[in-house]
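Listed after this line are the structures, all set down as structure tokens.
Look at the two complexes coming up: subunit A is in both, with subunit B in one and subunit C in the other.
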Partner chain A sequence: MNPLIPLLVAVPLAGAFLIMILGKFVKDINKYIATLTLMFLVAATLVLMAGTGSDVAVYRLGGWDNINGIPIGIYMVSDGLSGIVLCIINVVGLLSVIYSFTYISRYTSENNYYALFCLMVAGMNGVVLSGDLFNIFVFLEIAAISSYALVAFGVGRTELEATFKYQILGGLASLIILFGIGFIYWRTKTLNMADIREVMGSETGKPLYLLVQMLLLCGFGLKAAVIPFHAWLPDAHSSAPSPISAMLSGVLIKAVGIYVLIRLFFNMFIISNETAVLITTLGTLSMVFGVFLAIGQWDIKRLLAYHSISQMGYVVMSAGMGMILLSKGIKPEVAALAVAGALFHLINHAAFKSLLFLNAGAIEYRTGTRDLKEMGGLAALMPATSSTSLVASMSISGIPPFNGFFSKLIIIIAAIMAKFYLLAVIAVLVSIITLASFLKFQRYAFYNREAANNGNNIREVPFPMVLSMVLLTLFCILLSLIAIPQVRDVVLTPAVNVLIDPHLYTSPILGM
Partner chain B sequence: MTVYLLCFILFLVGLYGIITRRNLVKIVISLSIMEFSVFLFLALIGYVEGGSAPIIDPATPGGIYVDPLPQAMVLTAIVIGLATTAMLMSVIIRIYRKYKTLDVREIKNLRG
Partner chain C sequence: MSELINLISANAAMAKTEYAIIITLAAGLVLFVIPDRARTFKGITALTVAVAAAILTAGLYSSGPQRFIPELWNAGKYLSLRIDNLSTLILFFVSLFSVLILLYSIVYLKGRIIKNFYSWFLLTLGCSYGAAVADNLLLFLTFWGILGLTLYKLIEAKNEESSATAKKSLILIGASDSIMIIGIAILWRLSGTLNMSEIQISTGSPLTAVAFLALLAGSFTKAGAFPFHTWVPDYAMNAPAVSSAYLPASLDKLLGIYFLARILNGMFITGEWLTLLLLILGVSTIITAVMMALIQHDYKKLLGYHAVSQVGYMVLGMSLGSVIGVAAGLFHMINHALYKSGLFLSAGAIEFRTGKSQIDDLGGLSRTMPVTFAAALVFAMSISGIPPLNGFASKWMIYQAIIDFGSGAGLANKLWVVWLGLAVLGSALTLASFIKFIGGVFLGRRRNELDKVKEVPALMWIPLSLLALTCIAFGVFATKVVVPGLFMPVTGTFAFTGFWNSGLVSLLVIVSILAGALIYLATGIKKFRTSDSFIGGEKFHEQTAYPTPEFYKTFGEFRFLSAMYRKANEKWFDIYDLSRQAVLWFSHKLSLGHTGILSGYIIWVLAGLAILLLIMI
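Here is the complex of A and B:
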């Protein structure tokens, strides 16, 4: 019963509340409260992860214990996988808040911005920590509704159009998820994920089991923007203010989409071979189509948004390969490698994609445009932005020694060891096209001297923005260390073990 | 069984509306119809034949009660649905001020 677990949700909620009340009376207190809240969350996450280690910590709200092995009441669960995603959410959140100090001062109603930001973080922390399906739905809606408002924060024509699309598709996804939850409750009379695994375990392959799987796959696939469900992502992520784009692309689609998909299909459902193949196919399609849609874009943020779809495809594909191997019951060590590659790429993508969106925001802050054709020669004028974005571009394209190289390498090695040679080839090709697309970004934005007619008033962005970008660059380089086996054992292995062996997840919750 | 089928038909009516309507307000109404069909479904799965409200009366032990958990879920989901609808309507008002129209075919700045 670690008291930090509920505090991770309660503190940002209280922070949002305080900002709205105190912000009316005290000028500039909003950013201090937001920063302190996020700093507390980062510290609490690290303490929680260090305390939990490879165990699964269960917090029973209100002290309602199991009765005859049946969980009643609301449980919050923290294990290796939650720890990783919590780290991503809170670290990227803190850096985005620091970046927002100067960036968001161009807009009015800063109080609303910081309050909604804290609410979004509270929702995502809640999704990651909750142990039952209905709480996942509630926290997901908290995160989603605040992100709808944040996407529309500029209230221009494009922002409003993007947020309307995002809200309709997001609302549709929530309803499909709720429909699926209803079917599960109808059959099992429980909402706890570990308990559902026990109760529904004997029903694998029955029509209802498949229906529920497909409903939840569609719902969370819409939230994660896997390819047939991706239509809202480029609009929403490119129209939002840049720190919010960094949060949406770097964190939100992972916390409410990919994380829940991985958690449900590894730990709640008993995965069948057909579903695993379907998930791998969806991941591969996202990977390929995302990058082909990205390469023709001239708007920087749309280009980055399409690359998010493509990079999330890597994660879904790699996790799907793990599922296929697990469902066949062969080569468990290769399955573990594939899942580790997926989680490693998830962490890396958070670092480099939020950095790239912050770079795009910095360029927009100084030049006032997002169109690559109108930029050029920024390398000399904005050295910090230019060098950090070079590191991020090389990371996402998979150039050694940056972090993206190692995670893609692990995924490709896992594909070859599992004898999915086609997937390995596709992964390499997509990586090469990604490199081409980012060479275009670098050349047109930073090095194209002839187009440098933007006037003389372009200089480096203010210090808080540079600080966030430099810290994320350090993460891009340091995260490569996870490739070393000793570090991997500490960071990734607890999460992989929980996913590979669902018994580790269910037994502490059911008290067996 | 008929009730569940009718509930599912309501869900499909909402989905049809979202796909085919051109007016922003009508799209939101369709989304609400879908929402209510899901709420109805949740309320239905908690119903027990001949059950009464789940307040235990010590005078008549062993009575039949309906399942209270889906009702709590529906209440929570209604509040969430209210927030979503309010948010959508306020966005529609802002869209109307910028574009002077509610037709989705004319609101197409973003594509590609």
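Here is the complex of A and C:
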């Protein structure tokens, strides 16, 4: 019963309230409260991670213990996988808040901004820590609704249009998810994920089981922007203020989309081969279509947004390969490799994609445009932005020695080892097109013409923005260390073990 | 006792290799912090580091073949290194070129701004060392891949053309690196190890053939061989001369061919069809690139095409599979790096003083830049294969190897006349295009605006002369010293079959030159008829003067060739542009579907869900 687990949700909720109340009276206190909240969350996550290690820590809210092995009450669960995602949420959240100090001062009503930000973080932490489906749904809505408001924060024409689409499609997803949860509850009389696995375990292959799977796949797939459910993402992610884009692309689609998909399909459902193949196919489609859509874009943030679809495709595909192998019961070590590749890429994507959105924000902050055709020669004027974005671009394109190279390497090697040669070839081709489109970004934004062609008042962005970007750059470089086996054992292996052996997850919850 | 000595020397070799890699990489990173205003200081620091690393790597020559895993990174099997005669050879020449080019760059770079040139330079050096000694394929790929990034940063992308070139180079290099991952993964799956020294696999099955081709693509792109060569000419044209001399002309060639040697003579046992494929690619590289070189007006781009064309000879030599062929390929690789980096540095010297990039705008520089001219002449004669220079020596060995190869039984062996004929033809065309280069830049009538051109500073011509002297020495002493001393330890000994003794030939050449000089002096021919170029009886005017490249227009006017050249200019043969068109076309088609209309998107979601349900239930 680690008390830090509920605090990870309670503290940002409290922070949001305090910001709204105290912010009315004390000027500028909003950003301090937000920063302190996020700093606490980062520290708490690290302590929690160090404390749990490779165990699964269960927090029973209100102290309601199991009765005859049946969980009652609300359970919060922290294991290796949720630890990784918590780290992503809170670290990127902290850096985005620091970045916002100067960036967001252009807008009015900063109180609302920081309060919504804390609320969104609370929602995501809640999703990741929930042990039951309905709380996942509730926290998902908290995160989603605050993100609807944050996307619309600029209240311009495009922002409102984007947030409208985002809300409609997001609402549709929530509806489908709730529908799925309803079916499960009707059938099993329980909402605890571990318990559902036990109760529904005998029903694999029945139409209802598949229907529920497909409903949840569709709903959370929409949150994760898996093709063909991706249409809201380019608008929403490109219209939001840049630190929010970084949170949405770098964190939100992972916490409420990919994380839940992985958790449900590895730990809650007993997955059949067909479902696993389907998930892999969806991942591959996202990977391919996302990158093709991205390379034609000239708006930086839209380009980045489409790449989020493509990179999440890598994660889903790699996790899917792991599912296929597990469902067939062959080559468990390759399945572990594939899952490890997926999680590694998930972490890496959080680092480089948030950095890229912060870079785009810095460029927009100084030049006032997002159109690549109107920029050029910024490398000399904005050296920090230029060099950090070079690192991020190289990371996402898989150029060594940056982190993206190693995760893609693991994914491709896992595909070959599992004899999915076609997937390996597709992954390589997508990686090449990714490289091409990021070199396009580098070329048109930072080179291509003399610096003097820009206006006189373009210079490096203020210190807090630079600080966030530099720290994320360091992550892009240091995360490569996860490729080293000893580090991988500490960071990834607990999460991988929980996923490929669901008993590790269910037994502490069910008390068996 | 002898075991103890082995152990000590092994540790010494390990320490030397590690230090060479670590000091260059660390110095490269540290130099990022020092502002570019202190450029000369940075240059001298870099030079010091490079010299230190060169001494360390040269010291490896005596250590003998060995494999080891550095203890200092306790990360087990992924960091295994290997030193054998091939890698010491590569290490030695990598050091040599980096020191000479650094020396040259200290003055050369004063006029131009490449941000953090010396940092990227040292990182390149360290990663080249790493790639040359890595035994583990993943470690190798990491070092190898960083070289693509440094290549990208060593070009000053300040205008549209050069930034497009930087982009194209890194896309092609990065693409080939990604493709290599497939090959490495297949090898790992099939042989269960990642160490190059432990892999030996036959290319019989389709899977191994794919692995072979994937690794080959990496090697070919790095070295710049057909059909992945298209970044080299562009890079040569737009990058500063030091960068072209450093990466595409020397280090990328050394490493690309090094890896080719590893693939062909260790990791794979190639079948007949793959040998045939390699030979076809080799001669295509020679011929297509040299044909393109003939019609160039920009002298750096001309050199760039030759940097491709010469790779064909190395590929030919390597793919023959015989000992002499491999030795010839390696010898040609070293020779090429010597004269081609020399040529790029000469081109840099010309550009440094004149600021012009077109042959048409130059001429008559031999008087004012005598050292550059002499060096460039040596390089040009070497690359064209004129005895007794080094280019001739290695080409001669390649011809010998092809003739030997002809005695075999396979289809590729039967076609030996084709390979030989095309290789010789390529050599002749190389000579033709270098007459243009030398004639157009250094000879002929000097333009008025070039009157003030001076010789380059000593720090620039010293490396040039050193390279030129090495070219001569490698040619003159080829059969007696250089090949037995440098290449036979790598490949094993072999006999020279044809009658050719480089020392004797050189002696004859020197004797005939002396005889000519003697006749000239003895008979006292003092009166020359000086006259303008004959231009059909017209009086010579500046306006009607034909620049040398015009004479080569004829090549482009043959019916078949002119069509090919037109297509080439429209980028029909550039793998980069072809794939780019295809990708952008598909991208456009896809984006048509994204109308931005919400109801459409809702239909997608519901249709997606319906399809999922239909498939599954």
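Following the convention adopted for this analysis, the second predicted complex is superposed on the first by the 509 of 512 C-alpha atoms of A that agree within 3 Å, B and C clash if a C-alpha of one lies under 4 Å from a C-alpha of the other, contacts with A are read in each partner's own complex, and residues count from 1 in each chain.
One rule holds in what follows: contacts are C-beta pairs under 8 Å (C-beta built on N, C-alpha and C of every residue); 3 or more make two chains touch, one makes a residue touch a chain.
Note that the structure is predicted; figures quoted are calculated from it, not measured.
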Going by the contact rule set out at the top, does A:L172 touch subunit B (first), subunit C (second), both, or neither?
both
Looking at A:Q442, would you say it contacts subunit B, subunit C, both, or neither? Reply first, second, both or neither.
second
After superposition on the shared chain, which partner residues are touched by A:A149: those of subunit B (first), subunit C (second), both, or neither?
first
Touching A:E141, do we find subunit B (first), subunit C (second), both, or neither?
first
Go through the superposed model and pick first if A:I433 touches only subunit B, second if only subunit C, both, or neither.
second
Report the partner of subunit A that touches more of its residues: subunit B or subunit C.
C
With the two structures laid over each other on chain A, which partner does A:Q486 touch: subunit B (first), subunit C (second), both, or neither?
second
Using the superposition on chain A described above, determine whether A:F164 touches subunit B (first), subunit C (second), both, or neither.
both
Examine A:I70 and indicate which partner it touches, taking first as subunit B and second as subunit C; both and neither are also allowed.
neither
First, second, both or neither for A:E274, with subunit B first and subunit C second:
second
Residues on subunit A touched by both subunit B and subunit C 164-165, 168, 172, 234-235, 296
Of subunit A, residues touching subunit C in the complex
164-165, 168-169, 172-173, 176, 207, 210-211, 213-215, 217-218, 222, 228-229, 231-232, 234-235, 274-275, 278, 289, 292-293, 295-296, 377, 379, 394, 397-401, 405, 408-409, 412-413, 415-417, 424-425, 428, 431-433, 435-436, 439-440, 442-443, 447-450, 484-486
In the complex, subunit B residues that touch subunit A
11, 18, 24, 27, 31, 34-35, 38, 41-42, 45, 67, 69-70, 73, 76-77, 80, 83-84, 87-88, 91-92, 94-95, 98-99, 107-110, 112
Sites on subunit A touched by subunit B in the complex:
134, 137-138, 141, 145, 148-149, 152, 155-158, 160-165, 167-168, 171-172, 174-175, 178-179, 182, 185-186, 189, 191, 234-235, 238-239, 296-297, 302
Within the complex, which stretch of subunit C touches subunit A?
74-76, 78, 115, 138, 141-143, 145-146, 148-149, 157-160, 162-164, 166-167, 170-171, 174-175, 177-179, 181-182, 184-186, 188-189, 580, 583-584, 586-588, 590-591, 594, 596, 598, 600-602, 604-605, 607-609, 612-613, 615-617
